[in-house]
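In the two complexes below, chain A is the common chain; its partner is chain B in one and chain C in the other.
After this line comes the complex of A and B, so read on.
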């Protein structure tokens, strides 16, 4: 019995380690690759160096691709959050004629292969005479991300008792007060998750950006082309910097949220 | 139908020809009703009878398809819920789970723009009213027990200082013992505050405990309204009689009680409703030999499921544990026609 229990504990520990390794080995290897001084991905390195980081931080391109990715991601977050929240109201809150059709049509872009979607978007842009740039990339991302944000916010609508809104109304609240006092605070966790999803999905998106960003090169597109054609340790080092930037933004958002909550409590 | 109590008090809420339909479904069908100031009126009906829709119409959460609603003579038919001087305790209670207990209770005052200090003082008063400790002010509603949540919902409704309180089956999801305790508390609170209570439930037993008057609803209509004694003693039809729990309903055919083969009295109507406790072992004006099919101990009394020689099922209730009524034994049972409530349908 005792031996069996210990064996089970060992198996469990091994299993967790295996899962963590599976998830983190790719990331660790990118970090390791960024510390080399050679164009060839060989391991272990003969020389360990931070040269690639010095080059990356000194290069205008690094700043440019980050600023393009950030412009796209911030625009996508703002627009997708508004559209997704309104969409969630239609998706989850009210019963109306055509709702089930809306629910099905809405999720279609998620199931569509992204490279095909990207190509389709490019064709549509040229058909209406829009020159591709980071702005068209925003539109492209939105086509895919708005449905996802809508679904994420909708889940929250199903997660609280909507009779609370009627109760507030019954206790004398106006429509606007109901939204401010009940709907928005109840919906906020879902809206916040939606914002995070929108940001991260936009920040790391390759297949839509490749087709729709034109001469503006966002981070994933730069990483992809440089890996394919002109690889050097600069590529993994920029990847690591990009990951750090997005992680810092997410952490900052979470801190702002926590601070806001603390202020409201006080 | 009008009882003394209703006559002595002014009417607070008057419904005339009230109807509500959802598409093809007529949820509330031409209901007219006067509710008296300070009354505890309970509307009882099975699910789907339209009682919830009716109370939502009264609260202003739905608008009627037809009819008028007068509050102390003023027509409030088109006044929305947030401008009616009424408050509702919801079936789910609908406590704001992102707000503390205190914030829940003071909500109506906050909406009216009452300053925070005054709100807080009033919340403490309301917590005392519903017998909750003042320390609950800062507690999260999610940390409160079922009974505490009921009291919070009550205090929150009282905080708007409503003329009428509506209750939409708030006790339906509560276990038996707590429900019994809260029924008594609701009644007590009604007496202490003197407010008008309109209570919705599917349990006539619950209605009996609390109400001044009971209205029975079926298929969108009020089929009987009266004091608990009137409903119990003179049910309007078999539906109301059956709603009171287990009763004997004997059909009268050809001047005889069908199934018993005994002559019915001259004043007999189509059906005789006989309470189980009125069918007693031993003598009676009408007697029959009945066989015990099943015997159920209910604590202080025992329920006997019986069968007549012709196979008609009957039910009797006797005091104590009645061990002599073993299954399969046959005894003489009797009742007095005075104890029968006659109904036509």
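After this line comes the complex of A and C, so read on.
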């Protein structure tokens, strides 16, 4: 019995390790591929080098695709946070007659094939005379990301005690004071998670960008087209740089948040 | 209740979705009823494009996409079920760390991860083949540029979308129910079928729905890993729009996918209680 139990535990641990390997081997492979300087992949590399990173940082294209991705992601974060937070109030804070219908309609874009949504938007933009650019990509991303931000903020709202607001009002606080002193501080972690989701999902999105960004090429679209055709050793290094940039931005935001909290406490 | 401010707060999101989600679907539907190869919306409606879709072999890409989505859904479910059970019941404190590790790749672009899978699987001097040759001296073939590789890619990309809802589902199974079933003489399979599966059904359903719908439109996997060995429906639509410059035909194919999606999603969504799930 004891041996059987030990064996079962080992099998379970191996299963989890296998799943993690499945998920991470391709990511590690990108890093390994970026350390070569040859035109074609010949692994193991004869020479291990960071040349590709130097070339990537020296290339105008790298800066251009990053700045396009950043413009899209920042616009998406700003708009989706406002719309999503308002949406979450309607989704979770109040009970009203159309709420159940609103909730169901809101999740529809999440349960929708993204490339098909992108193609539908592309056709619609042409129909109304809107030339595709990074701005139309923002609209495309928002259709998918606003519902997700709404859900993320809503989760916070379901654990929120409305009675506190009433108590504050009874004690003579103004509506604005209630929002500033009671509602926002408690809702803020949800809103912040929503912002992070919006940023990361926009930064990494391929299927919507590919059809809606027109001549402006964001990072994932550039990587996709260069992988499918016209491969160069720049591809893996730009992939690593792009992923690292998004991780750094998220860490920086988290640090700013933590610092803000510390200042408020002091 | 009568003067609830709910509708006021719902308005911005509702207007946005109406303009940027519902309107485009209406425009696509309208284009799909236009005569072939027109670029303007008019009032001469025709079903010619749908007729062409049926007669000119577009059923094939649709079948590939449906089959791919089905295999992806089953594959991810088979991998995710034991993982969810282990994480929920046995991993203890490690569960959070493992869950975060599983979630992280969602935030790394599909382009990056599929490219990684591509260099890993590359024949001869790819990461896998090259390492094996270098370390043990044996040479292996590669599945890159086959439909099989595209399927592996689809399961790889969509696994987290199945795992997290399923984790939620598995957490809905009370441990004492399982023990009760075992005490009453049920074997492992019976316990799974009669107790665990029905109790975890809401999570499984959402995971399956999400995975199926997302992989139904999947295109990048077939392009980067499958080497276009098969034409999936999204690729067929894109071709109509871009190369053939036949918008109405592309629109008709888009509508077919939207209708298939609606038929699958709407009945399930109508039954789910979204308040309970986010709580």
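The rule is short, and it goes like this: the second predicted complex is superposed on the first by the 241 of 266 C-alpha atoms of A that agree within 3 Å, B and C clash if a C-alpha of one lies under 4 Å from a C-alpha of the other, contacts with A are read in each partner's own complex, and residues count from 1 in each chain.
Keep this in mind: a contact is a pair of C-beta atoms (placed from the backbone, for glycine too) under 8 Å apart; a residue touches a chain by one contact, two chains touch by 3 or more.
Just so we're clear, the structure is a prediction, and the values are computed from it rather than from any experiment.
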| item | value |
| --- | --- |
| First (chain B), second (chain C), both or neither touched by A:160 | first |
| Partner chain in contact with A:262 - chain B first, chain C second, else both or neither | neither |
| Which superposed partner A:47 touches (first chain B, second chain C, both, neither) | neither |
| Of chain C and chain B, partner touching more chain A residues | C |
| Touching partner for A:177 - first (chain B), second (chain C), both, neither | first |
| Contacts of A:3 with chain B and chain C, given as first, second, both or neither | neither |
| First (chain B), second (chain C), both or neither touched by A:185 | first |
| Chain A positions touched by chain B in one structure and by chain C in the second | none |
| Sites on chain B touched by chain A in the complex | 59-61, 80-83, 86-88, 90-92, 94-98, 107-108, 111-112, 156-157, 159-160 |
| For the chain C and chain A complex, residues of the former touching the latter | 1, 4-10, 12-14, 16-17, 20-21, 23-25, 27-28, 31, 41, 79, 82-83, 86-87, 90-91, 98, 101-102, 105, 107-120, 122, 125-127, 129-131, 134, 156, 159-160, 209-210, 213-214, 216-220, 223-224, 234, 237-238, 241, 247, 250-251, 254, 257-258, 261, 265, 269-270, 274-275, 278-279 |
| Interface residues, chain A side, partner chain C - complex | 9, 12, 15-16, 19-20, 22-30, 32-33, 40-44, 82-84, 86-87, 89-100, 102-117, 119-124, 126-128, 139, 142-143, 146-147, 150-151, 154-155, 158-159, 200-201, 203-207, 211, 219-221, 223-224, 227-228, 235-236, 239, 242-243, 246 |
| Residue ranges of chain A touching chain B (in the complex, touch as defined) | 160-161, 163-164, 166-174, 177, 181-182, 185-186 |
